[in-house]
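Paired with chain B in one complex and with chain C in the other, chain A is shared by the two complexes that follow.
Now for the complex of A and B:
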């Protein structure tokens, strides 16, 4: 865990420094300069932070589904705790991705919310996982709550790839990667990353995922302590 | 721990008194943003590490 913690700190610090401080110029001379992306300009730096946040959402929801499935197989309460913790973190990252996306949309698409397929699908995901927590809080019997939540987490997890990877690509929209925009040459901006940007971007994805693993570890350990306190024999 | 904080604080004060550094930041304002972001990130990491430590203590006391 120490390696994960230190790697998360080092990688995210590097992404913050290079993502914010590396100048964006028309003719980049090397890895220390980013090219101008027409339509995005300085806003292109958002790619290093907004996209990894959205990506971590997907990972967290899929991990929640995985532990939900494991609970259904093993009936081990620890799997239920992990499933809930991961769904909670996924929800948090999903809210952050929605807010940062809306902020970015205001300055690229003209308004905070456009009901673009990508925005609509992330909104539906927020509703789906909001309902997951409503379901959990509505059931008092521990085993029933864990069993129903695991089934729900599995079904909810199955919808994640559809809403994130499929729906926004089969319907035309404003977001890069929408239907008719396989190369990222969207209706608003031409979205292509240079190798220097790609390195920072991939490190951003890795760093945010490591941060998620660290947060999940702390959340699961506190959940275990809470669980032991509520059931001394458990 | 407090020794490190005091030393870091002294460095910050010395750098802020140095006019060339202030001028540099006045001309390259993006680095002010970077400083703010890094401070926030350092705060979050510090908080998380403290939280991690406290959870570990609770786990050990429960054994």
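Now for the complex of A and C:
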């Protein structure tokens, strides 16, 4: 875990500094210069922070669902602790992705919120996390709480393909890959990023995921201690 | 007893107890009338377009359903009959029966809201009956599939009344957006071919939700 923590710190520091400080010039000469993207200019820097947080949100949700399903099979309380810890982190990253996205949308699309399909889906994801924690707080018996919240997380996970694959093709939107995009509609956007940006972008993805892994580890260990304190025999 | 007879027995039991106290029907009817009356008071003589009407139509159905459909499992917990059901039927059969009853209730609900809208809104004219009928049918099935499994979850939790819409909304959103889209097309008089995409989404949603609910219901129902 120490290696993961150290590499997360190093990579995110590098992404922060290079993502903000590397100049954007019309003719980039090497890794230390980014090309100008028409219509985006300096606002392009948001991609290094917004996309990795949004990506980590989805990873955290899937991990939470995975441990929920494992709890249903094994009935091992440790899996439920992991599921809840991951959902809490997912909620945090979801808020970060929403804020970075809304700020960027204000300066690029003119308003903080436009109900673009991707904005709708992140809003729904926030609602799902909210509902998940509301459900958890409404059940007192630990086993029942673990069981029902795992079922709810799975049910919510079943609707995710609709948001990723179906909705963006039906409703026209502003994000790349939406209906009406001249580059073609689809869930996977083909990246035509310059290599110098791609390096920082991929390091951002790796860095934020490592941060998530480390935070998850810390949260699970704390949750285990609290769980042991509340159940003396365990 | 064959599987079909067992499912039928669950349906008959629920219909009979509903006929005796008419709890769900009364609550649904009163909720629909109140909601539509409030909309009419708010609009006064304003004539909304198809998009607004289609949206308001499903808003009324969503909130009415949220007030009535949870009853199907909550009543079993309140009357203390859940244990008897656990002993006498298997979870799959019980869920199929409850799903059938809730689908019937939702269909009844959509039909009565449609009738009320046709009478009270001059703009609510169904120009493509084929799109409308299929949307209402698939919408009701998908709606009750999600509502039934969530009702089973809710029945085991505290503060059921407020929690039910909170849990249902994110899961029903893909369905709601699609049925609103399709209903708008039905009101505008679009050809059926234009709504095929929406119908595919609805069929997909129904299949995924019914299959998922059947797989997960065991874990909700058995302690």
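The definition used in the following text is that the second predicted complex is superposed on the first by the 214 of 234 C-alpha atoms of A that agree within 3 Å, B and C clash if a C-alpha of one lies under 4 Å from a C-alpha of the other, contacts with A are read in each partner's own complex, and residues count from 1 in each chain.
Just so it is clear, a residue touches a chain if its C-beta (ideal position, glycine included) is under 8 Å from a C-beta of that chain, and two chains touch if they have at least 3 such contacts.
Note that this is a predicted model, so its numbers are computed, not measured.
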Open item on the list: By the touch definition at the top of the document, which applies to A:74: first (chain B), second (chain C), both, or neither?
Closed with: neither
Task: Which of chain B and chain C A:228 touches, first, second, both or neither - done: first
Open item on the list: Contact-wise, after the overlay, does A:218 reach chain B, chain C, both or neither (first, second, both, neither)?
Closed with: first
Open item on the list: Going by the contact rule set out at the top, does A:144 touch chain B (first), chain C (second), both, or neither?
Closed with: second
Task: Which of chain B and chain C A:12 touches, first, second, both or neither - done: first
TODO: May I ask you to name which of chain B and chain C touches more residues of chain A?
DONE: C
Open item on the list: According to the stated criteria, A:20 is in contact with first (chain B), second (chain C), both, or neither; which is it?
Closed with: first
Open item on the list: Contact-wise, after the overlay, does A:194 reach chain B, chain C, both or neither (first, second, both, neither)?
Closed with: neither
Open item on the list: With touch defined as at the start, can you tell me which chain C residues reach chain A in the complex?
Closed with: 146, 149-150, 153, 156-159, 163, 166-167, 169-171, 173-174, 177-178, 181, 197-198, 201, 204-205, 208-209, 212-213, 216, 219-220, 223
Task: chain A contact footprint on chain B (complex, rising order) - done: 30-31, 33-34, 37-38, 41, 45, 48-49, 51-52, 55, 58-59, 62
TODO: Sort out for me which residues of chain A touch chain C in the complex.
DONE: 72, 124, 127-128, 130-131, 134-135, 138-140, 144, 147-148, 150-152, 154-156, 158-159, 161-163, 166-167, 170-171
Open item on the list: For the complex, give me every residue of chain A touching chain B.
Closed with: 5, 9, 12-13, 16-17, 20-21, 214-215, 218, 221-222, 225, 228
